[in-house]
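The data blocks that follow each hold one structure.
You will see two complexes here that share chain A, one where it goes with chain B and one where it goes with chain C.
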Partner chain A sequence: MAPPPPSPPSPPSSTPTYNIAMVSDFFFPQPGGVESHIYQLSTKLMDRGHKVIIITHSYEDRTGVRYLTNGLKVYYVPFMVLYRSATFPSVFSFFPVFRNIVLREKIDIVHGHASLSSLCHEAILHARTMGLRTVFTDHSLFGFADAASIMTNKLLKFTLSDVDHVICVSHTCKENTVLRASLDPLMVSVIPNAVVAENFKPPSNPAETSRGHAFGQPAPPARQLGPHDTITIVVISRLFYNKGTDLLTAAIPRILENHPNTRFIIAGSGPKAIDLEQMIEQNVLQDRVEMLGPIRHEEVRDVMVRGHIYLHPSLTEAFGTVIVEAASCGLYVVCTQVGGIPEVLPSHMTVFAKPEEEDLVAATGKAIAALRANKVRTELFHEQVKSMYSWTNVALRTERVYNGISGAISDAEFYGYDASLNAANWSATRGRSGVQSFALIDRLKRYYGCGIWAGKLFCLCVIIDYLIFLCLEILFPRDKIDTCRDWPRKTLNEEKEPGVR
Partner chain B sequence: MAPPSGLHQSALPSDFEAPFPPLVRSSTLPTSLPITLPATTLRSFRADPSHLAPEDAFASVSPPRRPSPFEISDKYASGHASGNDSRRPRRARRTKDGARSQSRRRKRFQKLLWVKQSYPDNYTDQATFLENLQRNPRVQPYDFWPLVADSTVIVQHVCSVILFIVCFVGIFQERVNPASVVGVGSVATFLGWLLWDWWVGQESQAGAVDGIARTRSIGGGVGVGVGVAGRRAAPYSEPRPPRRQDSSSLGLPAHNASTTSISSTSNLASAASSSSNLLQDHYPNNRPAMAGYYTNPNPSNPNLLIPGHAHSRSFSSLHSASSQTSATSPAHARQSTDGNGDESRRRAAASPSSSDGGRGSLRIGAIKSASLISFTLLGLSPILKSLTRSTSSDSIWAMSFWLLAINIFFFDYSGSWTGVHKVPVASLSTNAALMASTVLASRLPSTGQVFSLTLFSIEVFGLFPVFRRYARHRSWRYHVVLTVLLVAGAGGGVGMVLGTDEPGWPWRNCLLGMVVGCLITALAMGGCSWWLISLQKYKNEIYGPWDPARPIIISRRHWDDDP
Partner chain C sequence: MLTTPPHLYIRRPSPTTAEFTVTTCPPLTIPLRLALLALLTLRITVVLSVIIALYAQFASPPPPPPPNRTTTTTILSHLSTASLLDALLALQTSPPGQSITRLASALPASVLALACAGLLYAGLLLRLHTTESVLVLRGLGIQIQTSSHTAGAGGSARFIPTAKIQDVLINEAFKGFEVRYYLVVVVEGEEDVVVVFPRLLPGRRIVEAVWRGVRGCLYEPGEGGRKDGGVER
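What follows is the complex of A and B.
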């Protein structure tokens, strides 16, 4: 490896590179969708020549600075964990250490993830106070009715009142976020999740298919199914109410009754597992339903390739990465038509069902019939999914967002209209777009609109935040904070990257 | 920019004071919602077109949005939602050769993630953005008179609390003989119990016939199943108008008979045993059939669930009854549950028609436990008398005020007489009321007064709600009569207590109080109902594809049909 240059190399091409800080409460070692999203996106952004660091809270013995593969630097900030690894929302206490990290790393863009992460919300607020560009990625859907959602939505509105851009993982998620945080739809981009297609290959060689023998009668997932071959239906989900486990519990006996040569493999754990087990015992289905219990993310693929159909009975889902993974493994997908799921996969890979027991049974029956008739070319799924979803593409599109908010591409290009036309009539859109000012009074104007009482409270918070910032500037002056040396940046090889758009 | 109207503003009413109009999106929504509805009573309340009225929920266009003229013909591609459409550079030109070259240049925007869109990521399609948004889809508009009719339940409870307070004040000021209070209360309770017993007898006779008939017709239709079926015949989420109840209980008096009989006098300690008695006695014929079904090894029979359900349901209601009674005397209830329940079950299996014997033992049990409670109270009264001697009266008044307020606010006003909620089991409410009566009683100087007030409070807060609910279930007429009596009684009592001590005048005060009380009640009922209806125009629930779906599970209904 070449010795690190003394200063960050100026990019050879016209595309600018940024110093990006990803902030979220949820990161490795905790498993999950948001966590892997952050990791994959960071890796691909680094491949494109950016510098990415990750700021999260500390996990048990994991405190301080760590390096992951590819030189990804992770700051584990010690903070109290409140509930399900979300930190306690202490609005200002994160500021000193955050400022220190940002100055050390010379961060330009702060990119927060997950709306339940208070660390991310605080980071966005402080970053705006410090005059940085901010991006927020929303991974989840929220209703508007219950008390918890109302609180979260208010908090989100606070944070997103002064954010430069928002990324959502599906169009449904975008609609939801726009409504929840009262955003201008133009400053919300839809960039889906992706899968690492190499990790979810269908079984190709005999060694792989022999894994199918692990249970009951041998069921190698042959591409051509005979009329009496056993069809295996795989379910991998946490067994919670909102994952539709009740539907699953109701549907399994009926599916197995209607279709003799079928069996189920269920992986995952949760409070509803007991219902499933009861159902199995009540209907004496022990030899046709296999409960694997909790599995690690690395094992998901090995379980998936044992089946032919992936059943996803979830009741709400922003994106549903798992169905993409299943399709990538060459499974025909049966899923409920909720949330962002209908947007995710083309219709020849999926059978949609309404979230009703009757319909789910019927849809599964349809899928089984289609497979038996060999109408579904599941062996092609992997390549198709690979071309649809890749993290490189996601990084490219995220980079466009970064370019847009930092003015590297013009507003006209980014927002899709001529900026000069709108220069005369100021609107919230323009105020919130990439050129929005960092002046305190302008920020206060944005926060004030959050509500009669909430607006004033938020303004108070912002003013205090600004005062803290001034104090920190005096107490810990910038020139006393030493900057850290950068990992050698990769140079983007334009020829290697296929132009996605 | 156009004055914002429509979705955003009404979605977040707190934004009305926003210094700047926050969204351009609002201009994608109509400035005035299309009113395509037949005239309803609520129509007049629609003051502001940008507000939603509940009838929007039934409008054929949901969400109300202006159909875009470009949507089909022009393949209009706009990144910006504001009004100046013509100057948009991104707008697709209409080509001569039609769709093919157009689709090559700019495919139509699709709400799909797997398609390589020829639009930027932050493109917002005017035609499809928020197209699945629903507002107020499940709103039921209120009607005035049913609302007033429903509010009688609250009026009844508040009036009974007022009556209790009046009695306390009367005893405290020594204007009323405590013995007369408790005497009247006990006589009324006894009469109510007799009436109840008569009703239950009527219903259980009819219910036994009905239950057997139904058992023959639908294998697993045990009494609870009958109740469930009857309830499920009604629309699922519809708030029950009181008239329906009236007609069902008058026209089909035997409909829920076997279910209702479970909880007779169940506030008394013997309720558990009695309910198990009744339960077994009423479906003696079902027992073998049920057992047969239950051991049926065929796993694929969906009917299997129904008898199993009835089985568990009857036990759960038994549990609820016993848990209620265990508040008063747990040991007794436990003992009676264990002893009598088993015994009666055996008896029921042996002799199919022992209904009268079960009722008789039920009566004896009720009398036994009533006397047990009375004597316990008598023994406790001297202790209660000096319970709060060291506390100042002011604290007691404040405390009892809050406790009674808790009682009123947390009382179970739901009037359903099916399922496990037969007896109002608002334990917080009942406990608060009993605590209030205890601390109030501790202000009284003599043991007799303390005993009277406490016993009266048990009658008012423990037994009377059950009776009220049953009377309402039984007939709407009884309910109205009871309400009027309660209002008049409470008004008269307040008038008497507030009136001067002048001899000869209390009846005039009493009459005056009744009139004023009735007037105030009528005004309050009408006013509050009208207020609630007028508040409906602010209702704005947002539903969309992001909301968790509500799974519809067929077999689940048999398991727990409590919504």
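What follows is the complex of A and C.
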């Protein structure tokens, strides 16, 4: 008798680990907020012992399967690119490849990102057809009135009719998403973005670096600002209408007029750059307004530390990672009170303004006055931001969502109430264990409620998708698909993560 | 029954030589041999029927057989064109031949030509099994062989000397609706890598076995398969 083969080593922690596929149209090499969110979240989830792969579409020079340095596997699926790296909605053509990837990687949870990514919507639809758990993260706010928004909202409603859980980056974003997709607010969680605080350190003074940075060390000395020192106001944003560039164009001459020892640094590019340049020409402000043009994300910190105030005139913003980055660099933040921005930073770091020229000028004036009076301890901001925002914390909270939808933690714990006691809250959307049922008829019921015509159309799509799934099971049987070797998993070590709150 | 999923044979004639063959041909057992023989007969029949059909359609009207031909037959005269034509005519006038003739005359000429071309390709040229192999000779290099789709053509072979081999590795790529594993040889000074087993693209188990075997055979065991040591030597 041969001894039984040793069983594969199981992770020492009691928490279950998952195989997670992040799906989005937006990923590196393209730069952007969603891209870095996906990367950071995946990295931290892998640190917690999960297996994470990323599925995105191919870029010009990047097709196929790639590994990033930490073992993060990225599938760049070849597709036709429609516009600004959003793929053509090829609803069903993605299914065979998607199924193959999901089976070979033994995926349990499909996590889609960004409501403008059609790849993500398709993946969620197919994943539900295949009987997988799905999570969707919304990164943006949308209107309700114009034609494009209505279309996007309808599409969102389609996908989110049958998703296990939704994550939003701010409470405003949650409100917006719940309204747009008619969701049960209980199935929407808020998990904010985070910043890598190490990448956004304030300018270091030599005395401090020589002393080293130890716990319990007295706070860094305050930066004293004389009454005639120049105050630099930094603006880093893509120069689009929704980022409030028009507001900025109107406000800059008035701010500079009211406050003699101030100057502006503006980084970023976009269609509104020409307006800014015209304003500079007209008011002859070349020596007080510096336009840097487009900069890379790595350079953002170097630009930020040149200033004292960060001005963020955006008209709509789901979260506004950039103001967290600015605060982390030790800048006093002046921003418009729109979208999710008021939730992001504590009030002592920010001066809020209504999104109007008058108010923005006044708020900036207030910020300049406060800095001149040395009333703001900006040098403390970095440590405070560092303790508020960390990706490890984001990963921890996301993991809780995964536990909730896969039934590892009970309903009462996950949703904060006991579903069995609240029989009135039972609906077609929620099955026995608080997670959504996979039965085709239940799924159809959910889709049918989407609208008079849309409901029927969506049902048709779902039925076709299901038929394609059955065909694929026959054409490409599961046992013929090679399973992948896993990258060596990390084991979770709680002692090593003192920063987790 | 006649083919199997790709499977691997390993031959090691000497410690420094190894041949890895991936083929869809199952082991030659008696029933398989019989089946292959039956298949051969079927192919011959198909080809003959095609010839009859073509002859009946395009060489018509068939001349009436000469009533009384003095036949002094030798073996050589059997091989003459006239006697071959006679044999063909005899076949055509036989009952199965006549039914083929009727079928051929019922079809339009273009359809018939296409059908005949297809059947001839299947009967004469198509190869049933695909065999691909890689031969590793330590100190010399790697030879990659692939059988061709059709009989007659010899297939292709490519020899890569050891000095040119930068690395042998397994990669993944999108192929059709799938993601497949494949074994590649990175050749120095070439833009593209050379894929081993390009037609069969066997599964992960086979590819990994071959990868281990190739690296173990190509480089000295002491070097642990390090690519630098293997290439410099």
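Methods note: the second predicted complex is superposed on the first by the 460 of 501 C-alpha atoms of A that agree within 3 Å, B and C clash if a C-alpha of one lies under 4 Å from a C-alpha of the other, contacts with A are read in each partner's own complex, and residues count from 1 in each chain.
Going forward, a residue touches a chain if its C-beta (ideal position, glycine included) is under 8 Å from a C-beta of that chain, and two chains touch if they have at least 3 such contacts.
Values in this document were obtained by computation on a predicted structure and should not be read as measured data.
K.L.:
Based on the superposed arrangement around chain A, label chain B with chain C as either clash or fit.
P.N.:
fit
K.L.:
Once the structures are superposed on A, label A:Pro78 by its partner contacts, choosing first (chain B), second (chain C), both or neither.
P.N.:
second
K.L.:
One more residue to check, A:Ala250. First (chain B), second (chain C), both or neither?
P.N.:
In the superposition, A:Ala250 touches chain B alone.
K.L.:
Between chain B (first) and chain C (second), which, if any, makes contact with A:Phe476: first, second, both or neither?
P.N.:
After superposition on chain A, A:Phe476 lies in contact with chain C alone.
K.L.:
In the overlaid three-chain picture, which partner chain does A:Val190 touch, first (chain B) or second (chain C), both, or neither?
P.N.:
So A:Val190 only meets chain B here.
K.L.:
Go through the superposed model and pick first if A:Asn100 touches only chain B, second if only chain C, both, or neither.
P.N.:
second
K.L.:
State whether A:Gly32 touches chain B only (first), chain C only (second), both chains, or neither.
P.N.:
Touch status of A:Gly32: no partner.
K.L.:
After superposing on the shared chain, does chain C or chain B touch more chain A residues?
P.N.:
Counting residues of chain A touched by each partner, the higher count goes to B.
K.L.:
Can A:Gly270 be said to touch chain B (first), chain C (second), both, or neither?
P.N.:
So A:Gly270 meets neither chain B nor chain C here.
K.L.:
A:Gly407 in the overlay: touching chain B, chain C, both, or neither? Say first, second, both or neither.
P.N.:
neither
K.L.:
Just to confirm the geometry: in the superposition, how small does the C-alpha gap between chain B and chain C get, in angstrom?
P.N.:
37
K.L.:
Overlap of the chain B and chain C footprints on chain A, residue-wise?
P.N.:
None.
K.L.:
Show which residues of chain C lie in contact with chain A when the two form their complex.
P.N.:
171-174, 177-181, 203-205
K.L.:
Which chain B residues qualify as touching chain A in the complex?
P.N.:
1, 8, 11-12, 14-25, 78-82, 84, 87-90, 111-114, 116, 120-124, 129-130, 132-133, 299-300, 541-542, 544-556
K.L.:
Could you please specify the touching residues of chain A with respect to chain B in the complex?
P.N.:
Listed in rising order, the residues are 141-145, 165, 167, 170-173, 175-176, 178-179, 182-192, 242, 244, 246-247, 250, 253, 257, 282-285, 315-316, 318-319, 336, 338-340, 343-346, 354-358, 388-389, 397, 400-401, 412, 414-418, 421, 425, 427-429, 431, 445, 448-455, 500-501.
K.L.:
What does chain A use to touch chain C in their complex?
P.N.:
Touching chain C: residues 63-65, 75, 77-78, 96-97, 100-101, 104, 476, 481-485 of chain A.
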